[in-house]
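The two complexes that follow have chain A in common; it is paired with chain B in the first and with chain C in the second.
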Partner chain A sequence: MKESFFQRKGVKTFLASLISIMIGMVAGIIVIIVVGLTNSTIADSTIWDGIRLVVMGVFSKGRDAVGNLTFGFNPAFFGNMLFRAMPLILTGLSVAVAYKTGLFNIGAPGQYLAGICATLFVALSIPTSSVAPWIVWTLAFLAGMLAGALWGCIPGLLKSLLNINEVIACIMTNWLAACLVTWAFDVSSLKNVIEGTKTGYIYKTAMIINDYELGGVVGVAGPELPEGATLLATRGNVATAKMGLDRLFAGSQVNGGILIAIVFAILLYVIMEKTTLGYQLKACGSNRHAAKYAGIHDKRNIVLSMGIAGAMAGAAGSLYGLSGNTEFFWATYQSLPAVGFTGIAVSLLAVNNPIGVIFSGVFMSFLNVNGLQLTNQTAYNENITDVIISVIVYLSAFSMLIRSLMEKKKEKPKTASSGEVKA
Partner chain B sequence: MAFLIRQTLLYAVPLMIVALAGVFAERSGVINLALEGMMIFGAYIGVVCMNVMVSLGWFDAVKASGNMWSMQWYVLAAMAVSAMAGCLFSMLLAFAAISLKADQTIGGTALNMMAPALVLFLVRVTAKQNILQLSSGDSATWFMVKKAMWGFEKSYKLSVMGEAFLNKVYLTTYFCILLFVVMAVILYKTRFGLRLRSCGENPQASASLGIDVIRMRYIGVMISGALAGLGGCVFAISTANCSANGEVSGFGFLALAVMIFGNWKPLPIALGAILFGLFKCIAASYSTLDVNGDGYFALANLGLNANFYRMLPYLITLIVLAFTSRSSRAPKAEGIPYDPSMR
Partner chain C sequence: MDDPSQGNSDYVIEMNHIRKEFAGIVANDDITLQLRRGEIHALLGENGAGKSTLMSVLFGLYKPDGGEIRKNGQVVKINSPNDATALHIGMVHQHFKLIEVFTVLDNIILGAEDTKFGFLSRKEARARITELSEKYGLRVDLDAKIEDTTVGMQQRVEILKMLYRDNEILIFDEPTAVLTPSEIDELMKIMKNLAAEGKSLLFISHKLNEIMEVSDRVTVLRKGKYVGTVNTKDTNKQELSNMMVGRPVQLVVEKGEAVPGDVILDVSHFSVPSRIHSRNAVSDVSFQVREGEILCIAGIDGNGQTDLVYGLTGIEKSNGGTVSLCGRDITRLSVKKRGEDMSHIPEDRHKHGLILDFTLEQNMVLQRFLEAEFQNRQFIRFNAVREYTQELIERFDVRSALGPLTRARSMSGGNQQKAVIARELDRNKKLIVAVQPTRGLDVGAIEFVHSELVKERDAGKAILLVSLELDEVMSLSDRILVMYEGEIVGEFDPKKVTVQELGLYMTGARRQDGKGGATA
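Showing the complex of A and B:
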């Protein structure tokens, strides 16, 4: 039987994702309308502005003289969209890799924190006055990935050796990471004391931090030393190269990190689809016992898969920290980074395909930028985008089921099969 | 000592009730990862409810009447509304997990993302800031039970136990303990409870005996949502000073840990909640904690970082899991959608 275009698996998957997005957007718009109509402080024109910004805020060019929204290509917002896509693509990859091995990696937030913590420690501790910044950058990035990988391995080990559910283990390790990171920064000397109003934050890696000595007392200062002080060492001044992207998207935060994320996505696609390792990982995901029977080390592969997943989430944190101008609020023990959870949405929307993750990551950050425009231009705020994202995740929980139902309707009714690989 | 007991109970009670919420869902066969989301939603609805009552002038009327006890009825009303809201919210999980046989973990994760986003969106639109607070007064003014309300003079010195259980406490604490006992009895000593639990162990066998598994699981998840919503409201009143900001400082996940720590059984869960509540209390106030009142700050002198105490609940849960995972009493059919043809 010849397949028509709409019956191809890839096309069908794409259409299912598109439908999820549409329903998510409609849900978001309904919330905007309902809130707008029930709230007397929000004018009807604001509701219309809100809807337009949620759908295409990236193209916003601010308000004109009479206060109407104008739209067009805005390089700064486009650049920021790519910048925000970088950690989302990487945490999305993290979830996707684990998913292929049959593991639900809800631990991306913890791995992300481990990554950003290790990276900031390395980047801000090695004096760039004696070591070249690019070497410090490389070391910091590797440290971040390694920390993420190790943190990811913990639930992997618990799963493979002790048969502890990885979801529970990941939730526990998330909060452990949040406490540990807070602890580590609490006792460190990396808290921003140069900028008086930023004491809750860690130094930005692009800052120039000078350790000086004045009358036997050691202190820290910015580029300008106090009078009579002798310079001991300079730290900081480490940031990801812009690679010309800042000229392409003037006024935005984008840097080479997005290219690294895309390279990782392609690399993972090749590993998963073209190598023995990838085949083994996927075999463990399809049926762990069958894989074991076929001579695949199921335990080793579970740990390996969580390790790779952790490395990706760690890289997300690492690259975010190394952007240079991003700030990290260190007392994070009460909350986990949202980007880790959004990674789940990114991966599910892309049906766990690494190449698809690039696009769904960009889409999620597109929503993020739209949300920021909503905050800046109207009485609404960016949290509506998280509502949309959560609706998309909710739908993806049973999208595979709906898809298989659609197939069953078209084909002849088979005997009720429950052999479907668990979603 | 009095402070320690009082504060520990304050933290332990929401944990206890929300962990029991988890038990109801999981015993019926549905994994409820969305406890955190349901708590957040319940907390928000509770605070909104309180604000409505403030704006109606009910609280001021109570204050004018002088009998602060009657305030507690309003607290109970807010808790009931929160429970209903949590119940409604949990229907989203129930529908996906039971009727559509969706992946329960992903469904729960979706709700955990939805609740804080929706709440924060609404809070920021209505309150014009990141937190929704009472428009007048606070928890301590309105809802706290103080010794004067029992008829003691201001100068009267209560014993340690009296100080711990009667002064500066919230009635919600005792209400929740009572509710916990009642719900635990329902789950373990009634026909309904037995049927609910059977659906989480072997739903096909239950169905063969005429139990409507789908209906039972819906009820399980809805009770779970109601208890979690109520727990969120209690959290907002007693530990968050009646405010909602789209988070419950991870209490929902901590409750999940308590549930696993307690091996899905009420008594160990109650003990686990008190233990974890103690850690929370120590982490929050270890530097000023003077257990026997002799001016010696034992824990502060121990020199451990607050983050160590914050980590302990999660660490202990992992260790307990490591030792018990082989003999875990987790419901056998949890997480598996009910399929009548699997009999």
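Showing the complex of A and C:
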């Protein structure tokens, strides 16, 4: 009876999230119909295409000779969905972990930036001509996580020592990170000067960057050295291993990062649910006074929780940078990376459960890819998927309500075991 | 008794054969309650006996599964609190329903505002409330914000809210649970005033002293069933508690002579800063607790007892003096280090004692989860935790819906307290700091806690008891210290002192060291 109780609760939570998703989808479809009917540039026949793409764009295989949409397993889209899910899962974990300790980590964007910055600096500075690329990769990844962790610790410390609200501190550290990262890249030698058209971008980590000397002048070049130059060192050529995923999902950007994200999710689940550390963190989150009364170091745990949260967001940035084929735009950072904020939605939809975050992260990127297909293959605007996502996020806040509604319906037939209780 | 099936307009309210079930649990089983006009009718029962359910039925919060409610002999349907209000039934809940940042006046008129051209007209409301408060002796400061007022005044605001709405039937749900002794006295006077003015009062309580003092009749419930209704003047405390528990209850603590041994806790010139004002909440306090004795700190609430306990247990920092426990100086040690020799039944079980969103089993190992018994390489041994919890549940009769897996929040107050006591006593430490350990418990449970504490004492434990209940102080302690304004003003032998004498010290009228009035 004990097991079934837990199962029932899990099932209810899952169903509640599912209902939120369904309602969100329906809302999206309504938007598509309304926009389609009112917008003269969209033919009425396109509406059905739009609906199908929003619901299952990942399975789109383009249009056939007659111009009809065809559907089936599309490895490239599927792989890209997993690729885009990777940072979302990690920022989702970041928010979820902090939430379990009673903290609202709205600082994931800043931690993400700190992570990507540290990672790119390490990955692009250590010459791979003298250090093996996989060691550089590892160092860069650890540096990214560490930077994210440190950035997360700042609001944690402010909260525990000075009782400053972590939301306010996080918002400030977000912008601090944005400005610091802009400045750091601006004064760095990591700006992409080889592909001259790309001003404002940092080298891709997978690129081969050769430092050379020619007539007493030091310069950088791609794989091709200028005539008569002496090679000083080679940098770059660092990227996350594909781990066979490129063969499974041919034509996509996916790499081993998604597996790392899943491992982190499982690890965090085990830590939160099975270990004394998780017990302590949750105790502090649920009732700080009681934790203090019991001799649990509440201040240390707040910092620790924000540190872990920051490390997850840092890992998201780090793995995104290390995927090798993504470019990081640094010039005068105008806005915070959206993936950090979407992490809040991912976590909410998963009711802050680390395992649930895997699925909600994949689901969010599923919607993303669907949205891309909507833009690519119809006259619709990609932003419609944002409408769906926002409806789902809005409803996931109501998932408690949905759950209690389900409870009311199902509660009637009750087992005898709980009857003997009150007496 | 009259035949309850016939309407009888002697009674302002009749609840006949009320039945209410919750998912298989019968909370109210054929309960009949008849309230006469102008009487104070006490509703007595243990935790979980169905008192609150019955009152919620009357107040329209629950719909009964059977039975009828009559007002002045007429059958009425009460489907919501609005219906109850329309029938002039008002309720003061145990936890007040007031808006902290509103003034007293605004809280009273909230929901029943008089308006003129759409604007609030506070002037008439103020005049009416002033009149009411004078008539019934309900002192309130109409312009104070609720957050700045005392608990006692908040309760008076709740009463005024009912009166402002012309309620005739007033329900008080355990009104004294949150009050200090002097506030309780004042409330008793107010209640008698209200009854004398023709209001009918329903008074839910399990404190026998108060029921004997203030009520005209008592209806007793036990385990959801109606036991009987008696005239207060024809009964006594012993009979009432036997009716309530269903067996003869020991009202007086049975204990032998204390055999004090070595000093366990040695507090010397100890001071704790106040969290509210710049003075010390505890200043220059010195005392010792020996093994095999119960030392009780008596005093009116807010005289530094809470701060003293926070300082001793390490929850708050002290700013002077030393504390040594079992020969070890613990003045600067962490809560955890102190916990090696000390268990602590906290004053506020919701704030400190329990994590309400955790399950019972998670709460049971709050201090012990790092011990080898409950973890293996930092992985919690869930089976061990469950078995341990199961054992404590049986030994201390902690009742809950799902056993170890019950959320602490969903347990009744009495069982929450039992859970805390079970955990703390089982930790088996040399010193037990127990702060109001019987708060919110019914007589049966109080009897149990008292006998457990005496058992611990006889096993050689040192017990520091902080209590606001003079009955408890007198019957349980071996030595009494009285605290007044952060200082210890007297030490007494419970056998050689009277309650009245203690009262003089508690109110600061006297002190032993000669600084105050006469010496004892």
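Note that the second predicted complex is superposed on the first by the 392 of 423 C-alpha atoms of A that agree within 3 Å, B and C clash if a C-alpha of one lies under 4 Å from a C-alpha of the other, contacts with A are read in each partner's own complex, and residues count from 1 in each chain.
One rule holds in what follows: contacts are C-beta pairs under 8 Å (C-beta built on N, C-alpha and C of every residue); 3 or more make two chains touch, one makes a residue touch a chain.
This is a predicted model, so every value here is computed, not measured.
By the touch criterion defined above, A:277 reaches chain C but does not reach chain B.
By the touch criterion defined above, A:250 lies against neither chain B nor chain C after alignment on the C-alpha atoms of chain A.
When the shared chain is aligned, no partner comes close enough to touch A:66: not chain B, not chain C. Touch criterion not met for A:132: it reaches neither chain B nor chain C. When both complexes are overlaid on chain A, the residue A:290 reaches chain C alone and has no touch with chain B.
Of the two partner chains, neither chain B nor chain C is touched by A:217. Once both structures are placed on chain A, chain A residues 416, 418, 422-423 are touched by chain B and, in the other complex, by chain C.
Against chain A, in their complex, chain B makes its touches with residues 33, 92, 96, 100-103, 105-107, 109-114, 116-118, 120-122, 124-126, 246-247, 249-250, 253-254, 256-257, 260, 305, 307-308, 310-311, 314-315, 317-318, 321-322, 325-326, 339, 341-342. By the touch rule above, chain C contacts chain A in their complex via residues 23-25, 27, 48, 223-224, 313-315, 334-339, 344, 346, 351-358, 362, 366-367, 369-370, 375, 378-380, 399-402, 405, 412.
Interface residues of chain A facing chain B in the complex, by the touch rule stated above, are 31, 35, 39, 42, 104, 106, 158, 162-164, 167-169, 171-176, 179-180, 182-183, 186-187, 333-336, 341-342, 344-345, 348, 379-381, 383-387, 389-391, 393-394, 396-398, 401, 416, 418, 422-423.
Against chain C, in their complex, chain A makes its touches with residues 2, 5-6, 274-277, 279-280, 282-283, 286-287, 289-297, 411-412, 414-416, 418-419, 421-423.
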